[in-house]
């Protein structure tokens, strides 16, 4: 699978698995998951770190030569809050990349299509590389791409539910129509979920909860890494169609019944 | 994942992916799939090979030092036919292992529970290591295990359909109650299907059609290999439960809204 | 839907909803469910009633002119036990109809294919009208039909789980190949489950737990009655295929964009 | 189920099944479907009718004393087009009700969240009773309700696909959070799909393609009517939870094994 690289915002990545840093029981567990996963992009909640403080306990554990730090606006309830967080991060010296999350609903943490598009349009104009977290809405995905976002990141299921690709029909359409990488985000609770997303043609996936809550985050990271690769390689090799009737793998050549 | 080995009939295997040899467009494609998959067990339809002929074009391509040849009784329509095939293979010098398939129905190639159990009981007594292909029927699986089979091999979906784990509820019960390895067989059309079976706790899977019909059997074999490993490793690391409510990966610590 | 009748064992029924009598909180609740459902066949566990006692509290509540009492062998763990129960019922004056249940496993109450077929063959020869409860196994279903059973009754999901048609792929094949009525039994927890079975072409369904555990068994019985009718009528009227692409219900005639 | 009425925009309805009028092979077929369905609200594409012409062949077939005519903006690609259609209808004497559809994508006819909300806000202010067709997006649904729409109408699957509730997880959240009636629209291809939506607590459903393409639209309308009622009644009666383990419907009272 040489030369099968993922390009986001002009940068080239080998890994198609992005990792979130929330909910880990310790920084050690977080680092183990990152290393196991082989990820190159890690997303960090701006609310949770002190960007300006080089001693911040969490950030100091992440090797910035190895991982691209992708700040996210988790916790922002509208476009204004999200933009304020993104700008603060840039002012503090972060690169102008932002995973845009606008989630007014505290129960399911579902993204707001209106405020997300509003913030995306402005942040793109301000020079940010914007990766928006969205509901699996193909028309919204189009609007965002027309606004210049670097990816679209539709959810498979609400954050932290481990339910897999509950929105697969809509994600299939988003992939079919996409002109930027599609990164499936949220709800992927097992390697098979990640593999399925990749088999459908997603360009990458983001996983967090499944790693963070595992008794063995490093091993789970490695398992997801293989799941993502398995799905990608199968997509490239060409998967067969589903059928109703059985097809004998060992065709009846007949001598037995002669 | 050192020391996570699969033991069937007293033999130890590292790979948890078994490969079938039907339907490939060429022996070359078949060998590529086998090599890509990392499999150690390959199943061969007794009807399709001339066991006594060392020049048999298909068998001569399979390195018997590397792969355990598991003869199957594909095409047998009742216990008698299946037993006859198994005995012929042993008489010709094969090891007394048999993948027992009794499929009277030519459309869906579904296995016959009655004839399969009947043949299994006799073949076990005759000293065969018996791996029976069955519908996902937990009670039948118990009978077979009590009869001394080395595995049970429930189907995920009819052979060749690529439909995945359509029988997952029943397979879950079979796994929960099993005292021998459970090998999910038939219907697995994508690495995500194989991964899911392993995540549920299956001990191994058998894949054939998905490799044989792929434009790139070697790459697809490698993809399935990773899918199986991903699922196994996730199972061992401990997967989380599914939930309905979202769980914030980035808990609301609140400073933003202060 | 005039003249769309269900014929089982030479008898003609109008209703396609059979009702089980277990688990109700009271005989009153049971009767309400039966009346609401419009059923004509009710199944009763032989273990639970005193067939020879006309004062048996449960049986005395069921109007035998209105409902055909179908004794079941619930609790039988092998063919012998099931046959003994069936014969006792006939000796006590019941009609020679039996819902054959052989469930050795106490956790999931799944049926035993071997013992069920064995008992069915004998009971049919003894003149019983046999309705066997089975796993969704098309080959077993064929054997039973060849043995002369009056129906086959594949399960949708384990008894009492309310999980719906988890075995739908196998049930579809059973229906396609059946020469006697297919009655989907067990696991149907909502009218939509019953409707789906009927839309697939099942001839009838049997429901028990969903009625028995409802706070309002009479209303739930009525809801299932409509669900069964809805599914049956849609099946007869001819359902459309599923497609991936949207089909405009309001074709673009164009004036708006002229 | 007396007094279980549906109130939309201050009006009270008995039926919870709305019917669309597109795609029928003839006006006769359309009327049969309407009559069979028992619907009280029918939606008509403004592009397809000549509102000002009392002789319009389609409209002249619909009894306006019996059915509330709900004009829809099908074919509108943005808010402007949708609003123009709505205003034309009102100017021509229609009541100020509008099913708001803004579907820029011609392949899947998926709704535009941004333009739909924009048009909804303005039309509500202009005095329209607005029923917006939307993707199954809970946050968008909230915005629309805050803007004063009379319902929200999330899609189950793309229009005309007959795929059922592919978005069920999101619809469940919309229902849980709704303060106006939730009408599931699009993709419902069988009565079981409609029943499932109602069992989940939807207030109503809209069906069109499944009736229009049926060989027997009148019978299919009647089947959907029962499916909707079945689901609603089961929802009101209280459905049980799904479980993994079997629950014996006929508890083991033990005498058999004594």
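Chains: A, B, C and D, in written order; residue numbering restarts at 1 for each.
The definition used in the following text is that contacts are C-beta pairs under 8 Å (C-beta built on N, C-alpha and C of every residue); 3 or more make two chains touch, one makes a residue touch a chain.
Just so we're clear, the structure is a prediction, and the values are computed from it rather than from any experiment.
With steps allowed only between chains in touch, the distance from subunit A over to subunit D comes to 1. Greatest centre-to-centre distance from subunit C is found for A, with centres as Cα means. Each chain gets a centre from the mean of its Cα atoms; for subunit A and subunit C, those two points are 46 Å apart.
Subunit B and subunit C have Cα centroids lying 33 Å from one another. In subunit D, the residues that touch at least two other chains are 108, 110, 158, 163, 244. Residue ranges on subunit A touching subunit D, taken from their complex, read 104-105, 108, 110-114, 117, 135, 137-140, 142-143, 157-158, 163, 166-170, 173, 177. Contact residues on subunit B toward subunit A in their complex (touch as defined above): 1, 20-23, 45, 47-48, 72, 74-77, 81, 85, 106-110, 158-163, 189-193, 195-196, 199, 208-210, 212-216, 219-220, 222-227, 229-231, 233-234, 236-253, 255-257.
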